[in-house]
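Next, two complexes with chain A in common: one pairs it with chain B, the other with chain C.
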Partner chain A sequence: MTDELVRIDDVSKVHFQAGLFRRRTRSVVAVQNLSLSITANTVLGLVGESGCGKSTLARAVAWLDPPTSGRVVVAGIDPALGDRSRMALFRRTVQIVFQDPYSSLNPRCSIGESVAEGLRNQGVPPDRRRREVSRLLDMVGISSSRTSERPHRFSGGQRQRIVIARALAVQPRFLILDEPVSSLDVSIQAQMVNLLLDLKRELSLTYLFISHDLNLIAYLSDEIAVMRDGRIIEQAPAEQLIAAPVHPYTRALFADAPVLPSPRSGSS
Partner chain B sequence: MRRRTEIFVRILLGVSVVYLMGLLVVAIAAPHIAPTDPRLQNIPARFSPPGTAGFLLGSDEFGRDVFSRILFGARSALLVGGVSVILALGIGLVVGLTAGLAGKAVDSALMLLMDAVLSFPTVLLAITVVSVFGYGLPQVMTAIGVIFSPLFARIIRTETLALKQEPFVLSARALGTPLRRIITVHLLPNMLPKIVVQCTVTVALALVVEASLSFLGVGAQPPTPSWGLMLRNARNYLFDAPWLALYPGLAIGSTVFCCNLLGDLLGELLQRDQ
Partner chain C sequence: MRGDERTSHHAVISLILRRLGRLALTVMLISTVVFLTVRVIPGDPARTVAGMDAAEPAVEALRIRLGLDRPLWRQYLGWLWDTLRLDFGTSFFSQEPVLDLILDRFPLTALLAISSFLVSLLVAIPIGVIAAVKRWTVWDGLGLMFAQVGMAVPSFWLAILLLMLFSVRLGLFPLFGADSFMHWILPVVTLATERAAVLVRFVRASMVEELEKEYVLAADARGLPHMRVRFSHALRNALMPVVTIAGIQFGYLLGGAVIVEQVFSLPGLGRLFLSAIVSRDFPVIQGGVVFIAVVFSLSNCAADLVSAAVNPRIRVG
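Here is the complex of A and B:
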C-alpha cells in the first residue's frame, strides 16, 4: 500500500513576462519549491483557492508546461531526461483531464476520432482502434453507436465522459484531474465522481484530484494536500486532516465550507 | 425584422457568390464566349460607341472590342487575385505557425519583420519590387503575395497562440500526438473560417493593387487584356469616349465589391455559428 507512484520533488514554476527582445521584465512565481508524493492506487486531493497555482502545478506535472526547476518522476519515468522513447512512455503513463468539457474536445473531430487519438499515436491498426473505442465509450457510459457524432451533440457531462475515455485509451496509471466536475451540474457531479471512483478501482489508477470544493475532496480523497500561494502548507491522510487540521489556513478553509459529509470510508 | 435582415444578408451572399462564380466561368471560357479576339485591331471602326453592330460595349482607340477585352481581362484579374493570395497564404502559414509555436524570441523577430513589410505603402512597395525584378504579371503576383503575407501571418499567429492553450490541444500533446498532426488536425481546421474570410478580402485588395500597377504601367503589359491597363489607355479619351473608362471601372468595382461583401458576410455567418 505504500508503493510510491508519483514523486514531485522541489518543483517551481516561474512565469516570465518577457519584454521586447526577450528582456525579462517581471516574473511571477506560480509554484514554489513544491514537493508531493502520491501512493499507487490512491487519490490525492489537492485543495486551494483559485489562483494558488493548482492548475499550473497540474500542467507542470503533466509536462505540458514543464517546471522551471525541480523533478517529476512517475512510475520511475523522469520526462526531463527527454529522449523520445522515455517521453512516449511518460505520455502513456500520465494523462490529464481539464475543467472545461466544452473546449476539451476538438469541435472538428468526431468523438470516435478524439478517443482514438492516443491509440493512433501508438500505431494501433484501424480495426482494433474501432473496437477499442467502442469498449472505452461503453466503459464511461456513452453509447458506442454515437462514435461518428461531433462533440456539439453531447452535454457537458457526456463530453467529460468522452474526455475520460480518451485519456484512458492509452492505459495510463496516473490521472491528473484538474477540477474535472466543477463546471458540471451538481446532479451530474455525483455521477461523474462515482464513475471516476469505479474506474480507479477497476483499472487500479492513481489520481491527483484538484478541486476547490472541500466536500468533494473530502468524499473521494485518501490523502489531502492544502495549497496556498504556490506551496503545500499541509498534507495528511483525509480523516486526520478533516478531523484535526493543524495549519490555521486549513482550519479557516474548512470552517468556511458549508456542509461536510463523513469521509469516504463512512459513505460506502 | 430580424428575419428580414437575415433574408437580405442571404440574398446578398447569393448575389456575390453567383457573380464571382460567373466571373470564374467567364475567365475560363473567355475564348468561347468573346465575340472577337481581344487583340484584333479594326482601325476604321475605332471609337465606336457602345451598341454599334459588332461592338456591344464599344471599341477603343485601335478598334478593339471592349466587351471581348473585359471578358479576357477577367482572366488576368482572377489569375493575379488567386495566385497572389495563395502565395500570401503560403508565406503567412509558415510565418504565422512558426511565430505562434516557436517561442517568444522567434515570435518577436518574425512579427517585427511582418510589421516592417506592412509599414510600407502597398503600391509603392509593389512598384519598387516590380522595378527591380521587371514589369509583368508574374512579378506583380509575387510582389502582391509577399506584401499581403503579413495579413495572413498575423491572423494565423493569433489563432495559433489562442488554440495551443485550448484544453483539446493540450490533451492531444498529453497523448503524445506529433506536432505535424496537431497542426493539421487540431490547429488548421479550427482557424479555417478566419483564413477563408481573409482570403476573400485579400483577393479584393490584390485586384485593386493589380489594377493600380497596370494603370501605372508597371503591371500587365500591352497588348495583354487587363482592366487596369484598359483604364490607363482610356484616360486620354475620357471626354470623347467615356465608355472606355466606364466598363473596366465597373468590372473592377463590382468584382472588388463582391469579394468584400462575400468576406464580410462569410465572417458574420461563421462567427454566428460559433
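Here is the complex of A and C:
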C-alpha cells in the first residue's frame, strides 16, 4: 500500500434503541466489520442504496458517532486513543460535508462567521481571519462581499459551497462528502462536482465521496466501493469496476442505471 | 440590505394589523358566547341581589331596574354597544363600575402571572436543555419525570399540599394574604410548576431537534468546544419556537391564577370573577371575560412579535 491516507479497519456500528434511563431494547447493525483503505490524493466513491449504512459509516469515520468496534486511522492519527490534542488534530485533518445544505448552516450566523469559527478556534487573529474567510469564499466561488449575509439569502448550491469553504477553513487533508450534491439541481450538480475536483487538485485533498448516483461516482472516483447491508461487497479501481463488475449486486446496480463513459478514463 | 429592512418593517406592521383584526373578532365571539351562557345557566341575579326572602314585586322591580326584563337581543345589543365604548357597566351588587373593579385587582393577578411566568422559564429552560444535551441518561429521565408529574398534578391540590407542608406544618410561609414577599412564594411555585412542566417538554423537544441538525454535527467535526456548540449555536435556535409556546402559556397562567388566588386567598381577578359567577353578577362576568380575552390575545401577539424579532429571516442586519 503506497501513500495510504485513510485506513478503516473492521469497523462496526450498532444502533441501540434506548428507552427511558437507557434501557437497551433493540439493536440494529448498520455497519458490519467494514474495512476500507483510501490512497492519498484520490477519490474513493462509495455507492449503495439508501439505508445500506453509508451515512452511518460517514459519521463513524468522522468520529461524530464513533464506531461500536474497529479502528479508523487518518494520516496516522487514531481518534480512539482519545487524548485531547490528538482529537483536535484529527478534527483538523478530517472534515465532513452533509447532504442537506439548509440545515448545515446555522441560520443565525452570517456565512463569514460560520467560515471563520474554525479559524477562531485555532487561534487565528481577527485580521488574518478576515482575509482567510475572503480567500476561502473566493475559492468556492462565493463573492467575499457577501460575508456578512445570513444563509437564508443563498441558494442550495451556494450554501453547499459555503459549507465546503467552512470545512476547508481548518485545512483538512481528508474530506468525507456524504451525498453532497444529491439535493441540488442537475445543472448545479455538475458545477459542484467540478469545483470539488478542482479543490482536490489544488489542495491535494483526499475524498470519500458517498452517493447513490452511479454516474456521479463513475465520473469522479479513482476507486469505487459498493456497499450493501452494512458491508462492502466489491471494491476495485473505477474503470475496472465499471467495465467488469464481479458481484451480481453490482451488476444489477449498473444494469438499472446505464453509466455514461467517464471523461477521466484513460487519463489515469 | 435596505430593501430587506423595509420588507421586515412591512411584515411587522402587517402582522400587528392582522393580529388586531383577529383580536376584535375573537373578543366579539367570546363575548357573545359568554353573554348567552350566563343567561342560560340557572340562577336569577335579581333574586340574589334582592335576597332570598324578598317579595316578588320587589324582585320584579329590581329586574326592571337592572334591565333584565328586556328581550335577550336588546340586552345583547345594548351590552355590545356599551362594550364597544369601553363601558362595561356596573356590578349588580356593589354598584361599582366593572372596569374599576377589574383594574383594581388586575395588578395583583398580573404580578402573580408574570412572576410565575419568569420562574417557569427559569426552571424549564435549564431542565429542558440538560435533558436534551444528556439525552437517554438519568438527567434526561429526571427531567421528563418532572414534566410528567408536574403536568399530572392538579394545581389546586399542589397548592393545598404546599400550604399544609410549608405553612401549617413547618410554619415557613404565611397561610394567606398578599402583604409581603413571603406571601408570594407558594402561589408562584404552584403556578410556575404546572407551566414549567409543560415548557420542559417543549424546550427538550426543540433542543433535541436542533442538536440533530447538521450544522451542529459540522461544528463538532470542526472540533469546536462541545459546550460552546450546544449553547451558543443550538440553544439560541432552539429557543425560537419556545418563545411562541411561552406566550400561549402566559395566557394559561391567567386562568390558573383563578384557582391559586382562591386557595391562597389573594384578592386578585380570579377571586373577583369566581364570586361574580357564584352570585350571577352578569356585568362583572362579561366584562371580566372580555378583559381576559384581550389580555390573552395581546400576550399571544406579543409572543409572535418577539419570535419575529428573533427570527434571523426577519431580523435586520
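A few notes on this one:
We adopt the following convention: the second predicted complex is superposed on the first by the 260 of 268 C-alpha atoms of A that agree within 3 Å, B and C clash if a C-alpha of one lies under 4 Å from a C-alpha of the other, contacts with A are read in each partner's own complex, and residues count from 1 in each chain.
FYI, a contact is a pair of C-beta atoms (placed from the backbone, for glycine too) under 8 Å apart; a residue touches a chain by one contact, two chains touch by 3 or more.
Since the structure is predicted, the reported quantities are computational estimates derived from the model, not experimental observations.
Once chain A is used to superpose the two complexes, chain B occupies space that clashes with chain C. In the superposition on chain A, contact is made by A:R59 with both chain B and chain C. By the touch criterion defined above, A:V94 reaches both chain B and chain C. Looking at the shared chain after the overlay, A:G157 reaches neither chain B nor chain C. Looking at the shared chain after the overlay, A:P79 reaches neither chain B nor chain C. Touch criterion met: A:R166 reaches chain B and chain C at once. Contacts of A:G118 after superposition: both chain B and chain C are touched. Taken together, the two structures place residues 18, 20-22, 59, 62, 64, 87-88, 91-92, 94-96, 98, 100, 103-109, 114, 117-118, 121, 163, 166-167, 169-170 of chain A in contact with chain B in one case and with chain C in the other.
Looking at the complex, you find that chain A touches chain C at residues 18, 20-22, 59, 62, 64, 87-88, 91-92, 94-96, 98, 100, 103-109, 114, 117-118, 121, 150, 152, 163, 166-167, 169-170.
Looking at the complex, you find that chain C touches chain A at residues 136-138, 140-141, 144, 213-215, 217-225, 233, 236-237, 312-313. By the touch criterion stated above, chain A contacts chain B in their complex at residues 18, 20-22, 59, 62, 64, 87-88, 91-92, 94-96, 98-100, 103-109, 114, 117-118, 121-122, 163, 166-167, 169-170. Note for the complex: chain B touches chain A at residues 104-105, 108, 166-168, 170-178, 185-186, 189-190.
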